[in-house]
Structure formats: C-alpha cells, structure tokens
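As structure tokens, here come the structures.
Note that chain A is present in both complexes that follow, paired respectively with chain B and with chain C.
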Partner chain A sequence: MNRRMLVNLALLGLLLVVLLALPYFGVSNFVLGLASTILIAAVLASSVNFLGGDGGMVSLGHGAIAAASAYAVGWASRQGLDSMTQVLLALVVTLVVSFLYGLLSMRTSGIYFLMVTLALGMLIYGLAFRLSSVTGGENGISGIAAPGNLHEEWIYYYVVLGIFVITTGALWVVSSSPFGASLRGLRDSESRMRSLGYSVAQYKLSAFMISGTVAGIAGVLAVWHTNFVSPSSAGVERSVLLVVMVILGGIGTLLGPLIGAAVVVLVENVLSSYVDRWPTALGLIFILVILFARAGVAGSVPKVLAKLRGRSPSATPPGDRSSPEGTAVPDRNHNP
Partner chain B sequence: MTSTMTTAPRRWIGLVGLAATAALVLTACAPPQAAEPEPDAGGGTEAAVSETLKVGYISPVTGNFAVAGQEMVDGWNLYWELNGNEVNGVTVETIVEDDAGNPEISLTKAAKLVEQDEVDVLVGPLLANTALAVAEYAESVGVPNLHPVAASDDLTQRNANGLTVRTGSMGGSQANYPGGEWAATEGGFDTAVTLCADYAFGWESCAGFVQGFQDNGGEVVEQLWFPNSTTDFSTYVSQIQAAGADMVYVATAGGAPGPNFLTSYLGLGLDMDKLLLNCCAADQGTLRAMGDQIVGLKSVSYWAEGRESEAVAELIEAYKEFSGGNVPGAYIAGGYITASLVASVLEEQGYLTGEELVSAITESTFEDNIFGRVSFDEYNNTVGPVYIREVVKRDDGNLYNTPIATYEDVDQWFGQDPEEALQQPNYSQDFQG
Partner chain C sequence: MFEPVFLAQQVLNGLSFGALLFLLASGLTLVFGLMKIVNMAHGAFYLLGGYIGVVIAGLTGNLLLAVITAVIVVAATAFIVEVVLLRFVRGQELPEVLLTIGVSFVIADLCLAVFGGDPQNLPTTATIPGALMIGDLVYPWYRIFVIGVAVAIGLGLAFVQTRTRIGAVVRAGVDDREIISAMGVNIAWVFTGMFVVGAGLAALGGTIGSGMQSILPGVQNEVLLYALVVIIIGGLGSVTGAAVGSVLIGLIDAFAKAWIPELAYFTIFLPMALVLVLRPTGLFGRTA
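Let's turn to the complex of A and B:
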C-alpha cells in the first residue's frame, strides 16, 4: 500500500514536471494554446467528476454554469469594468446559479437529477440565445481581453496549469475529508445515511456549490483564453461532452478528467484535421471504453497492471478500490 | 475453478479493448508530425519558382451545418478546379479545416492555420458566432479574413475591422431591405405580416424587410417568430390567415423550415402570389424539395441562379457536372465568388498578403461576376445588386430563381448615416429599426 502511494506520487510529480517544462520544449503558441484548452476542459470536467464520482450525481448542466460565469465576465468587460470586478461578478453569478441548481436538484437523484440539471442548462442556453441586449444573442460577446500580461500564451498556460493543480488538489482534499466520505455514503445508500441522521439535501447542496464554483472558475479561464463567449458554450452538447470526458478518463479518479479532456480536445481539434469522420472516431473510442474499460482510462490502467503482475500481493487493493468507484453510478440507480 | 475460467477471457477482452483505445488515441496524436511535411514540402518546392498564397479555409463540414459547410467548400474548390489554382505566377494552396460549427474549435483551428501552417489568409467560417470569433482573432494576428457566407450584420458593422471582408454574401438586413421596397412599390401591397426565424439572422432579415416596406409607405400589421426547430407551421399559417394582411414575408435560415412552411401554407390553399420569401427559405434545397408546385414563387436575395450572365452560366454548368445535375445555391456561390475575387486581384497585382490583399479587394469594383457588379463600402461589406426572384422551370427540368426586378448597389445602411446606424441597438424581436 505504501509503495503504491509512492509510485503514484512519483508519477504525479513526473506529470507535473512535464507540464511545467512544456513551454521550454520550443513548442508553438498553437500547441500551448491547445494545452491550455485541455487543462481548462479538465478543470471543468473535474467539477463534474467530483459530483459524479463522490456524490453519484451526474450533471448535464455544468457547461451552462461555466457559460454563465463566462457571460458575467463578458458582460462586465463590455461595460468597461476592470478585471477584478469581472472576476467578482463571475463569482457572484456562479454562486447564485449553482445555488439555484443545487436548490432545485438537492431532493432528486439518479435520472431525475440528470433531468433537472439538463433543464436548468437549457434555461441558461435559452437566456444566452434570447436575451440579446445582455448576451449579444447568437453573435455572443467578443473582444473580452484577459487582464494584464495574461494574453501572452505561455504566461496564460502557467496560470491555467496553476489553477488546474489547485482545483484538483482542493477537490482531492474535499473528497478525502469526512465530508467526502459522507458524500460517498450518500451515493451508495441514501436511505442508510438518512437513517443515521445525515441531512441528505444539505450535503447534496453543499457538494453542488463546491462543484459549481470549480465550473465557474473554468468558465472565467475559458473566456479569457478565447476572448469570446456565445450560446454554444452553454449548449447541451458541451455538457454531454463533459460527461463523456469524465467517463473516458475514469469517473471518481484523480486524473481521469485530465485524460478524458485530453482525448476529447485532441480528437476535436487535431484528429479532425486529418480525418473527416472524427465524430465517429470519438464515438468509437467512447463505445470501446464503455465496453471494455468501464472504469475509464485512469481507472483501468492500474487494474490491468495489477492483473499483469499476476499474483503479486499488492494486486488486490487497487482492483477492489477502483471497481466500486468505476461502477458506482450505474449501480446507484438500483438503490431504493 | 469457475472464477479462473471466466477471468481469463475477460482479461484478454479488456486488453484488446485497451489496445484498440490506445491505438485510436495514438492516431489522434500521431498525424501532426506524420502529415505536416506534405503541404510544407509542396509549398517549399513551388516557392522556388513562384509565390504561394496559402489559404486556411474553415467550414463546418461535420455536425448540424455539414450540408451548408460542405457547399461553401465545394464552391471555393470548384472555382480553382475550373480555372486552375495558378494565377499570374501565384499558386493558391488551400487547407480546409472543420470546425463543426463550434466557436471554440473554430478558434483553435484558426490558430493552427496561422501558426503551424502559416497561411496568408483565413476564409470562413460559416455561422455568425464562429465568424465573429475568427474575425477578431485574425485581426489580432494581422491575417486577412474573408467571409463567403456569414450574414451577421455586425461582422461589418459593430465588429468591423480593417482585415475582415464580407466577400460572398450580404448582411441579413441589407439583403432584405429591397424586398420591402419592392413589395410596397412594384408589388403593390399595402399591408404585410412577417414570419421570421426567432434568432439573430431572422431578426436582421425581418428588420431589413420591415424598414424597406415602411420607408415606402407600407404597414406591417403583425410580426410572428418561429423557433428554428419548428416542423409544423400550421399554427403560424392560421395566425397569418387571421392577420388578414395583403402579403406575407417569410425568412428562414435555410434547411427544413422553408419546405415545411410552404407545405403548410399551400396545403391550406392559401395564395402563393401573396408570398415573399428570403434568400434561404427559397434556396435550391427548397426548390428541389417542393418541385413544380412552387413555380412562380417570389423571393429576395443577392444570389439569382436564373440570371442571364456568362459568369453564372459557367458556374451552373460546372456545378451540374460536379454534383450530378444540381443547380448551385447561395453557399456554393459564396465560396465561388470569394475565390474569383482573390483570383482577380492576384491576376492584376500578383502576390499580395495582409492589408494589401484586403485593400486590393475592397478598393476594386468587380463587374459582371456571378452576383453582378460588386464593390465594397468602408466597413468592407459587399455593395451589390439584390434581386427579386421568381421560380421558373427551365428546359433542363430544374427550377431556377430568376430575377424579375434588380436593385443595384445596395449597401448596408438604408440611406442612414453609418455612425448613427451603429448607435442603434442590435435588431431583435423588440427592435426592428
């Protein structure tokens, strides 16, 4: 167990070093921009991952939360407000939207939770599309400049990387805390937790607020990166892709969101330059993962490694750990 | 025993699955290095003898807008196939990128084209939000951006910049103002009811028609709006009937709503002579879907495939061969005319990039191209003819939108002062000018 943790830590450290060194490999701004896009998508996916993995609540509305925060930045920048005010406004909008989401969905679970978040996402999309005096309608809001030196691609990359590390670390801390344990308890059996005296709705609302805040941060990062926001950021497709990223990477795993985000963003932006039928490729990858590696890439690799090592004594714990996490969400629906 | 029996095959299946996924992921990462040298090598060898104008062409060739996106690409390619991609010693090399109609992907693709492929000019994309996002990025890196299809008014108004040119279409309101003018004057209608798509393009189209109609003494009695996803138009048709106006103006963004509306409208036995459609409600897709029953249907657009002109005839002949007998619509024409404008300035002035390329295009007047006589205003928007068209069946069995009236040199300002016009809010349901 101890050796395993050490190996994991070493791997994490190595990944961080590679990510830190990326700008020094002499890569073009395009590659750095792509890396930032992946990290931003990973921050957003990790917010979905936290809610889905620990709380068992799969949301189809997180794209819209990020978009709401991005629109707040966009609107504030169009009013000529400075970047500090833009961020504050984005934070307020994110908290209000997350609170509304949480309030409306805290008494639901499973498919009903999915429907409520889907509906709220559609609501925000509709507002972005129709409330054109504030949101610019279908045209969106363009010319949203990042503050100060952040428009330099490599500086922005480091900012995004830093925020990715902080949010991922923070979510890990929350997930490892007693609060996270209670959430997993809720996920596995709501009725048991209720009978033990836990206030289920309160826990769900808090989890949603935490997850929504991370999504809002991703929204600000995204809008400063593209300098642009339009209703398509709030669309259902975006939220569905987030869930795809989380499942591809491995729901409930630490690095799953990053892996899933990397796969999806690379297929969308790089593979599509060479393959006409790239949406088919994305679908194929997703189907293969669902069929053969339900715990996702991050969840399955340790399992496979353990199996390859055969009868090694450390083989059982990883298998045991990842299997309930990987299958947690489908199983949940069968609980009363 | 049984457990070992079942885990062994499972392990293999899992491994195969993982390997397949890994292979797919690798193919996603590998091509950049593998495929990149090809265009570079081609450009490199040619540059020794002549200059190469590298064009990055962004269009949604997958996703919901794939049909329109593919047509936009086809039109561009058709011109170079027909005329050769070497003009006056300059080789035009095109790299097509797919953005699936998603602005984030459009922006990444634009950055890829500019930084990795080092293109001289960006063309496209198609949708309003993607076009505005790319136009702004292109300006920030000093690369010209030509727009063959995008119709958003703001592209050449509030968001106009020195490097963005609308080459192959018109603003939504601009293309429909003459429709209102025609209906109130030659058409002889006093009152109108409008039915437009309920988003930016529909608001702009309707605003153009409404202003043209009212400026010439017409009265708009009611404005109806339909969501893009509408399939059954019978409720709207009965509201149109109840409004009791002399005429009906309909604007869609192309695709299924045009035929669906006409099916409901004609199915209830209403008078087709009272109808005036916009470009896209009566595009070739609608004509092919509805067939002979809509011969005589009137519409307003900057593109008229039935116009008597050598340039148009040449395009129609080439496209028929390319597509197996179809008549080209506005998206094909937009791609094609953009290519022809680029070719024509290269022919006159040789290799051009950056602001020089933009000013070479915008300071020229192009006589007799497929749109007619086209020039540009100081916001780099097309100033050209708008046609009132009528569906005519020709001997080849195809339906053509044929001009019955022409408004030359239509600009985007309707006689207003540009600065004043830009002070107005964007068109919406509540503000129609």
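Let's turn to the complex of A and C:
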C-alpha cells in the first residue's frame, strides 16, 4: 500500500464521517432533503459512470431505466400492494428493461451506443407519456408513500447514505474484479478482446445488467423521496444531466459521480433561486470542463496537486484504473 | 378512418412534416458524414433560427427576409462554435458530442431569456394564405410550399455534391481526409464550412417550420430526436437516406397520430430500434 492509496483512504474515511454526522450538525430538513437528493443522483450517476468509465459505453438512456423502476413502484402502490411487492415489481421491471437495453445495444459502441440508448430512453418516455391507463400520462403518479417511518427526513437520509455506500462499494468490487478488467479491455480494443476469445456482446450485456440494476435502485430511492413520478423523469434531459454529472465529477473515478451530482443538484436547486439562467451556467461549466479538465473534478485535482508539488502530472502509478484522458471511448481509428 | 379525403390529408400532413424533417436531417447527416460529429446542438440552431425568423417576419412581414436573417445569424453562431470550441476537440468522438450538448444548453436557455417561454408562430402576414381545394380536400398552400422548399433544397444539395468542385472536395473529405489535405485542401476550413451550412439548414427549417408548428422552449430536443431518428434510419451521412427517412417518418408519424395517438412516440422509435439492430448502418448508410 503506497502513500497515495493511504491519502485516498483517509479522505474517503473523512468524507464518510462528515456524511454520517450531517444530521447532527443541526441542519434543516431542507438541507437534509437536498443531501438525500444528491446521494440518490450520485447512485444513478455511478451506474452511468460504471458503464462509461470501465465499459466505454456512455448511455443517454439511464434516466429512463430509473424512471421505469419508479413507475413500477408507483403503479404497485396505486394498486394498493405493500412495499415489499412494490420493490419486487420494481426489481423485475428494472431487470427486464435493462435486459432489453443491453440486448439492443450490445453490438454497438461509441456514438452508436449513445444513440441506441437515447432512442430506448425516448421509447420509455413515450410510453410514460401516452400510456396513461398505467402511468397516469402527463400528470404522472403522485402520493407514493415510502414504507414505515422512512418519510422522516433524517431516517431516509441514512437509508440513502447506506445504499449509496453499498452500491458504490459493489461497483468498485466489480470494477476491480477480472470482469472489470475485461470490460476495460473491451473499452480499449474490442477487436483485440474478440481475437483473444472473449464474447464481446455477452460482456457488454452483463455490464449493462449490472449498471441497469443500480439505476433501478436509484429509481426506487427517488420515488420514495419525492413521492411522485412523471414522464419528465424519463426524458432525455434527465439522462443528459446524468452524463453531465459523470463528466463533471470525473468519468471512471470512484467519487466522481458524487461530486458531479453535488454540483448539478446544487446548481439546479440552490443557484436557480439566485440566478434565472442556471442552465446557461451549467452549460458553460460543462463546456469548460470538457475543454480544460477532461478528467473531471476527481480526476483533475490530483493532477493539479501533483503539478504544484513539481511532479509530472503523467506520473500516475501503474494500474491506474481511469482512462488516460478521462474519456473512455476508443479512438475511432482503432475500431474494427 | 379510411375515407379517401382523410387519407389524402394525412399523406399531405406526413409529406409536409417529412419536408420539415428533411431540412433538419440533411444538415445533421452532412455534418456527420464529413466530420463524424453528432451535432446535439442542431435542435438549438433550429430553435434560434425559428425565433429570429418569427421576430423579423413580425417586423417586416417578409418571409424571405426572415429566412435570410435567421440563416445568417445562426450560421455566424455556428461559425463561432466550430472555430472557438469544436476545433479543440477535433477527432475525439465523445468530447465533440458532449461539447455540442453544452452548447445546446446555453443557446436554448439564452433563447428562453430573450424570447420568453410562450409558443410563437410565424405571423400570418408572412405566410402564404389560402388553401388548395380539390373536391372535399382542403389543404393549406403554406404546407405545400414547405414541401416545395424541401424538394428544392434536396435537389440543390444533390447538385452541389455531385456536380461541383465543392461537392467533390466534400466527398473526398468523407472518403479520406488525410489524402485530401495532402492534396492541398485545408480540411479544417472545409469542416467549418460544412458545420456552418448544416446550421444554416437548421435555421431555414426553424423559420419555415414556425409556420407549421410553434416555436417554444423544449422544441429543440423534440426536433433533434426526430432528426436523429431520420438519419439513423436513412443511414448516417447519406442525403438520399435522409430524404427517404424523412418521408418515412413523416408519414408514419402522421398516421400514428391519427390512428393510434397513445403509441405516437413508440411508432417512431420502434422502427429506429429495429433498423439499429438489423442494419446498424441504416438503409442507405455504407458499411464502415
């Protein structure tokens, strides 16, 4: 274990302590709710991050997967089913939707993957919007109560925090496993992996199932938090914001999704009450990050620190898991 | 439901919407064919062009003047976006797409700030009054005019691409950009030119389209998605494909909205998903 890892572990521990202690700082319910929103967005963003960072597959349809799961909870609660059944139904819907997404997208990569997921997201949006007998149409489904005493803001915050830690940890484990290494192999050179005997489509499908499941979990968390689901949660704007979060925070990094989610949610909820033009602000931040800090916040800060200490920023230790430029799409010249 | 007049009406609806889609999709597909960029700001260019067209047409009552102003302003915007932003990420697939998403955010939001959130339409003084009447069939001339504009633009693009030196340079750039730049063509400026032309076509679509459907915030995403569907079905980079895809999607959309409104979105994206799975390069796309 080298010094860099120790520093990272210490920072992670510190962050966890701060997050755990947040309700004891005497913050208002509004702030706690905001923190929960950020953590839920971070869970969803981490599912996009896993697929994009390790698999090189940037999805523009993950918002719709979460929405499908949220709709399952909403529909079940409107039928008067208990919360256990709601969750089970959400899980089934999530798995089916993820499987369909994966099946349709597993033979594509790069821009084409982006467009297939975009189209599938729009399909779900269209269904949510038009199939009003199930989804409530434009009005969505409201009054979806969280089970037990989860409606207490601070209890729910701890539940969300716990699930965030678990999913982030699980994704980290998957990404560190041989499976994760194979995924990064696919990202870097599909043709090479194919000639080594890997079934590319199968790996992509599995990766999508894992990522989709995490997105579905985020969908359940979100719908219990807002007690409401509407077609806009499946819209392309949601999915675009997820990609913005991932890129802002740093694609392929452990805490990138959390940082990105915090920035986007805060700009959306806090900055918007002071500045009318918050989408412009968000768009400009996004453009600047892509132009000058491609590795995102979590990827760039260590580089800048290293530079300040007079080391070459390229002196990353071997086995660095993030992609070099923070953009995990293979150069198109290397595509088969 | 199957009366001849109703069918004719829906066919004309489909064709005129398809014409609008072609104006959008041709620019998008040309830019993709040459530069390999999926320009996610294309819808925002349409939005900006539409607003400027509506304002100028409201001031002057002249559609031609409105179109020219809109095209010039949007082309200038696209020029700045290309030269100041896109050049820095040239050749990197993902950053290029993401950058245009950021640009789309900014343009759409600034449009909201300047032009407000109310739906806006081309003033009737600037459109073509009256309607075509054949027996029971009544159809507004303006929509037929839109079909005419799209056909003219399509023929013009085909002529330029196959019969002129500019077209030859563009086709060479699509085939092999290293060779064409080795032959003394500054490919970077060809890229800029193509991006500007694509944006100009979107602005033309925006202004003319605002006589058919309202311009309002959010429309940029809708038209972008329709255009993406069209060029994916037709084949990325193919103008012929864009034309066929536009007519196909226009007709499917018109009949779906009339017959099965509950599944209107579904009917558009299902063919696209099928094309992507069965023939990922699209109907007229070439294999990479």
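The criterion applied here is as follows: the second predicted complex is superposed on the first by the 316 of 336 C-alpha atoms of A that agree within 3 Å, B and C clash if a C-alpha of one lies under 4 Å from a C-alpha of the other, contacts with A are read in each partner's own complex, and residues count from 1 in each chain.
In this text, contacts are C-beta pairs under 8 Å (C-beta built on N, C-alpha and C of every residue); 3 or more make two chains touch, one makes a residue touch a chain.
Every value quoted in this text rests on a predicted model; they were computed, and no experiment measured them.
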{"item": "Side-by-side fit of chain B and chain C on chain A, or clash", "value": "clash"}
{"item": "Touching partner for A:Phe129 - first (chain B), second (chain C), both, neither", "value": "both"}
{"item": "Partner chain(s) touched by A:Pro279 [first = chain B, second = chain C, both, neither]", "value": "both"}
{"item": "Partner chain in contact with A:Leu291 - chain B first, chain C second, else both or neither", "value": "both"}
{"item": "Touched partner set for A:Leu266, first chain B, second chain C, both or neither", "value": "first"}
{"item": "Contacts of A:Tyr24 with chain B and chain C, given as first, second, both or neither", "value": "neither"}
{"item": "Which of chain B and chain C A:Phe228 touches, first, second, both or neither", "value": "first"}
{"item": "First (chain B), second (chain C), both or neither touched by A:Ala119", "value": "second"}
{"item": "Partner chain in contact with A:Gly143 - chain B first, chain C second, else both or neither", "value": "first"}
{"item": "Stretch of chain B, among 60-68, 150-158 or 168-176, that runs into chain C once the two complexes are superposed", "value": "60-68"}
{"item": "Intersection of chain A interface sets (partners chain B, chain C)", "value": "129-130, 132, 276-277, 279, 284, 291"}
{"item": "Complex interface listing, chain A residues touching chain C", "value": "58, 104, 107-108, 110-112, 114-116, 118-120, 122-123, 125-127, 129-132, 235-237, 240, 243-244, 247, 276-277, 279-280, 282-284, 286-287, 290-291, 294, 325, 327-329, 332, 335"}
{"item": "Chain A contact footprint on chain B (complex, rising order)", "value": "11, 13-18, 20-21, 24-25, 27-29, 31-32, 35, 61-63, 97-98, 100-105, 107-109, 111-112, 114-116, 128-129, 132-133, 136-137, 152, 154, 159, 198-201, 203, 425-426, 428"}
{"item": "For the chain C and chain A complex, residues of the former touching the latter", "value": "36, 38, 85, 88-89, 91-95, 97-99, 101-106, 108-110, 113, 221, 225, 228-229, 232, 261-266, 268-270, 272-273, 276-277, 280, 288"}
{"item": "Contacting residues of chain A [partner chain B, same complex]", "value": "28-30, 33-34, 37, 129-130, 132-133, 136-140, 142-143, 222, 226-228, 230-233, 263, 266-279, 281, 284-285, 288-289, 291-293, 297, 300-301, 304, 307"}
